[in-house]
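Next, two complexes with subunit A in common: one pairs it with subunit B, the other with subunit C.
Take a look at the complex of A and B:
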């Protein structure tokens, strides 16, 4: 496998994970998506998690609505409060659009990217995953590592825990674990031989 | 027994006959290679102006880091000593170190093609050929086998047989009377990784300045099984799922927020 092939593979994974963290919509969250998703996690050995999600999806009266409700409760607006806002600044600056968001945007610009007008805040999880996909595509491994270490992992670790603790639907619990798996750094304590 | 190979840099003329013989013998497809010859120098070393070659191959290490990384399920495998007929059974993944002759081998039938072993090899002596992918793998890993099928028939490895300068000597490093052991006694040394001890069994012999250049330029580090490579391995595992995702159009729909293009048009493959 050439480095370019590998980078393309990694880029696709980041894009797929970004897609998973978009608001659930029938435009993309349909049977084909779930077939790919089950295949994806099955390949990684998470068969039990796949079965759990399939059971939740197949057993629901309206699976899409369930996921929309869960997405809203976890990431947009919940009662008494949103569980896990998907913005880095919330965890680092304790506010939306803090210095951390600015630093994130500065990093995008340093790498030659900028936000489109309709984009959410720069430190939104989906945008950060898309940015990682672009860095991987350009084979900028050093940039990818730097971004992960300085601007992604510091807040994602906290976000990840909140979702795991607060999720009712297994889909998002598994998605954040997948993101964790693919973005985990050596400093996070990964053991290479655990496979 | 520990098979090993001496490369006599005083004799090597850098003709690449060894690399061609290997490619021909094992039908190694371009751009992959089981062995290589790199030109080093001319450059000034502490011992004077030096220019030499680095003929490299799998080192069939005493403690091969590639073997531990193989994620294939372990199975029992019985090994037989070609000389004594003695057998022993070990549990191995898809790659292992032979308990009798010390060579490091691969079972292509069981290889998953994940590339973990190739990433772990500090010498870059393994490659994954994606063209050999089957229903159970993403390709097959390949490497120098010390030409074991030839050796078992009493032949020399292809690279040794073809070397026009007799710069390659193959034999048993555990046999003090073997030619290879005599070279070791004279000072032939392996390219040990910096900061580690994995015991490479290809050994190099040459004059002081050429050896100085070889070791300065070609001493590898233990492979970084760090985050990037781990991600690469994981991504390789889910590659078929991601290809399907792209084909079905459920990849990259997430909002195009960063300029330079984030749409599927940017996904060249």
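Take a look at the complex of A and C:
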């Protein structure tokens, strides 16, 4: 397998992870999506987790609504309070649109990218994963590593813990661990059961 | 969870390709990040954006924003402003933190749980508006327009409020700014001088400032504070009547440590002394007042000694105050106050303030009450229609008279609440809350909850998840004042003795809105289309509304922008009493309606044994309950310590810094605690705390449970008989320390 092929594969993974962190909608979150999702985590050996998610989905009266309520509670406005806002700046600057968000946007621009008009804030987890996908596609491994180290991992680490601790639905617990797996520096020594 | 592979191993295997290819089939084509056609932009530094108008409080100072890459970095006063100038207060500065508060509402949400215990789900605007429109229309069709009640507040609520009042046709609209705040003042002055007084006292040019309970300095409105400070700097004497050693009392030449609730008796004695000793302005009274004889006779009983006993202050001090006012008349500023819904006898107190101003000839003169002559700008909103009074709760149809003869615009809160809960005289089944938090602005929270429980449908529009939003079925996120057009601020230079100038400015966004927040014109128009009132829509966009309004002054948003956000033009001399001006010292209409024609003291309930009266007021860094989730302001003043008299504290073994809760005389306990401030600067018969703390909504991650919510302890309602407004200082509390209830015996 060529390095270019590998980069394309990694790019697809980032893009898929970004999709998983979009607000659940029947447009994309349907049976095909879940089949791909179960297969993917099965490849990673997380079959039990796949079964757990499938059980939660199949056993629900309205599985999509359950995930929408969970997404809203975890990431938008929740009761008793929003668990884990998916914006880097919240963890670094204790605010939306802090300096960290500005630095993130500046990094995108340095690499020749920019935000679309319809986009969320630049430091939203979805956009950071989309950006990583674009860097991987361009085989900018140095850029990818620099971004992960300076602008992704410093906040994702905290976000990850909050989701693991606060999630009620297994889907998001698994998704953030997938993201963790694919963004964590190997030299730290990967601990499969860290969470 | 266990992944059996590490990332490295996974990437090194051929399994990656096999696993990743299908992923792209379930991924949407849209991405928020894309290759930029332009060269890398980098950062350009700060840009100054003009046209901001603050709404951290209702004073609405003129702002500019320092913006970097679309992010608001800092707010400052607009250097062109002849109102607040470059100055803004702590709250104004902290607007940045409201804008970027992570707890802010971001998307329309539907409650799929229960009212009061919500489970929120983000939904699209279409779904949200369809649901709101359908439910409100159903109420309108089944129960009539009066089946909908509305609790609005703030600049953004004006347009929807007019929609529901004028186009839909419900009278059941209640603004806290009137019924739990200044409405009594306005109607009392209307009944005395024919107009609402605002806070239009010429403080920079006065010789004496006379405050009843006003605590300027803790209550910060920038240009008003500038006027106040300038007056003191120019040598004005300051008289402050307050049970507490407030920031203003600390600057006062005479601090009148008055017994709560007796202010009218105090003023009646001052006025009687002036009349009896012929120290009033006889020429002004002759030319510009009516009913002097009846008035004088009505207040005659109020000798200095009688008032001294009632108010628990020395007679000599009342005389000293009266003489100071008389000696400096007519250049004396009798401040009408602002939040005046205190004891349920407040109309009379405000009438007394207006009459005292008249006796001293202090209208339209330097240093007196002087309405500046500002520019004219026509408002644009929904066309008015006559909807009759058949379903107007303000009218007692059996008696063929108004329930409250002098109520402010709208309907008193309890008339709506009682009707909604009882279903009598008719059902009210939908509730719209727009920018107001009735859970913390309207006394008796349980009754408020009962109202929501009685509804078929509740919608809330707000910027923050305030306590009331937990009771909504649909919750809509609004653009903040920093992200939208709307309010037109106009006025004159703050010091009336300086060159006469007028200004006109209109709120413009300093930054683009984030997420899916919308403005009031969009939301209201979409509701109107769904409720069958689309043909009455007056403007299509908020920009059109502002532009149409500005056109009446030969201005536009573009012109204002080109003038750095503020248009300034020559002004007019405000001094000089209008020929037809008349101060009704005795109001015959009031008399005919069974109310006192002359200002009259109505005693309030005495403290039950062991209880202290609960007083509350404004904190300098907070606005009501609206700013409690702001991290900068929270850090500046994290809780609301309760002021307790030092002798009382010593008697019950309380020391400064102790943590306490409360129980009121009706057995309601506070759900949170606060600290104690032991001080000689408060009377023994009352305690005091700042209002706007102790949110019960966990969605307010910063404000929740910080300090005590005074409103939760205000369960006993007093209703002002002329206006129907609430009196909120007739509640009494004991302390709870370590689970033990402590008497607060004076």
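Things worth noting here:
Definition applied: the second predicted complex is superposed on the first by the 187 of 195 C-alpha atoms of A that agree within 3 Å, B and C clash if a C-alpha of one lies under 4 Å from a C-alpha of the other, contacts with A are read in each partner's own complex, and residues count from 1 in each chain.
Simple rule for what comes next: a contact is a pair of C-beta atoms (placed from the backbone, for glycine too) under 8 Å apart; a residue touches a chain by one contact, two chains touch by 3 or more.
It should be emphasised that the depicted structure is a prediction, and the values quoted were computed from it without experimental measurement.
Model built by superposing both complexes on subunit A: subunit B and subunit C clash. Once the two complexes are laid over each other on the shared chain, residue contacts for A:98 go to subunit C alone; subunit B is not touched.
Of the two partner chains placed around the shared chain by superposition, subunit B and subunit C are both touched by A:16. By the touch criterion defined above, A:115 lies against subunit B and subunit C together after alignment on the C-alpha atoms of chain A. Of the two partner chains placed by superposition, subunit B and subunit C are both touched by A:44.
Of the two partner chains placed by the overlay, neither subunit B nor subunit C lies in contact with A:167. Of the two partner chains, subunit B and subunit C are each touched by A:33. In the superposition on chain A, A:175 contacts neither subunit B nor subunit C.
Counting the residues of subunit A touched by each of subunit B and subunit C gives the higher count for C. In the superposition on chain A, A:83 contacts neither subunit B nor subunit C.
Of the two partner chains, neither subunit B nor subunit C is touched by A:151.
Of 22-30, 184-192 or 454-462, the subunit C stretch that intrudes into subunit B once chain A is superposed is 22-30 (criterion: clashing C-alpha atoms). Counting contacts by the rule stated earlier, residues 1, 5-6, 8-10, 12-13, 15-16, 18-19, 22, 27-28, 32-33, 36, 39-40, 43-44, 108, 112-116, 118-120, 126-127, 130-131, 133-134, 181-182, 184, 186, 190, 192-193, 195 of subunit A appear in both its interface with subunit B and its interface with subunit C. Those residues of subunit C whose C-beta lies close enough to touch subunit A in the complex are 1-8, 10-11, 14-28, 30-36, 38, 40-43, 68-69, 71-72, 97, 99-103, 105-107, 109, 112-113, 117-122, 465, 470, 514-515, 631, 698-701, 704.
Per the touch definition, subunit B reaches subunit A in the complex via residues 68-69, 71, 115-116, 128, 130, 139, 225-228, 230-232, 234-246, 248-260, 262, 266-269. Residues of subunit A touching subunit B in their complex: 1, 5-6, 8-13, 15-16, 18-19, 21-22, 27-28, 32-33, 35-36, 39-40, 43-44, 108, 112-116, 118-120, 126-127, 129-131, 133-134, 137, 141, 144-145, 148, 181-182, 184-186, 190, 192-193, 195. Across the complex, subunit A meets subunit C through its residues 1, 5-6, 8-10, 12-13, 15-16, 18-19, 22-23, 27-28, 32-33, 36-37, 39-40, 43-46, 48-49, 65, 68-69, 71-73, 76-82, 85, 87, 90, 94-98, 101-102, 105-106, 108-116, 118-122, 124, 126-127, 130-131, 133-134, 173-174, 177, 181-182, 184, 186, 190, 192-193, 195.
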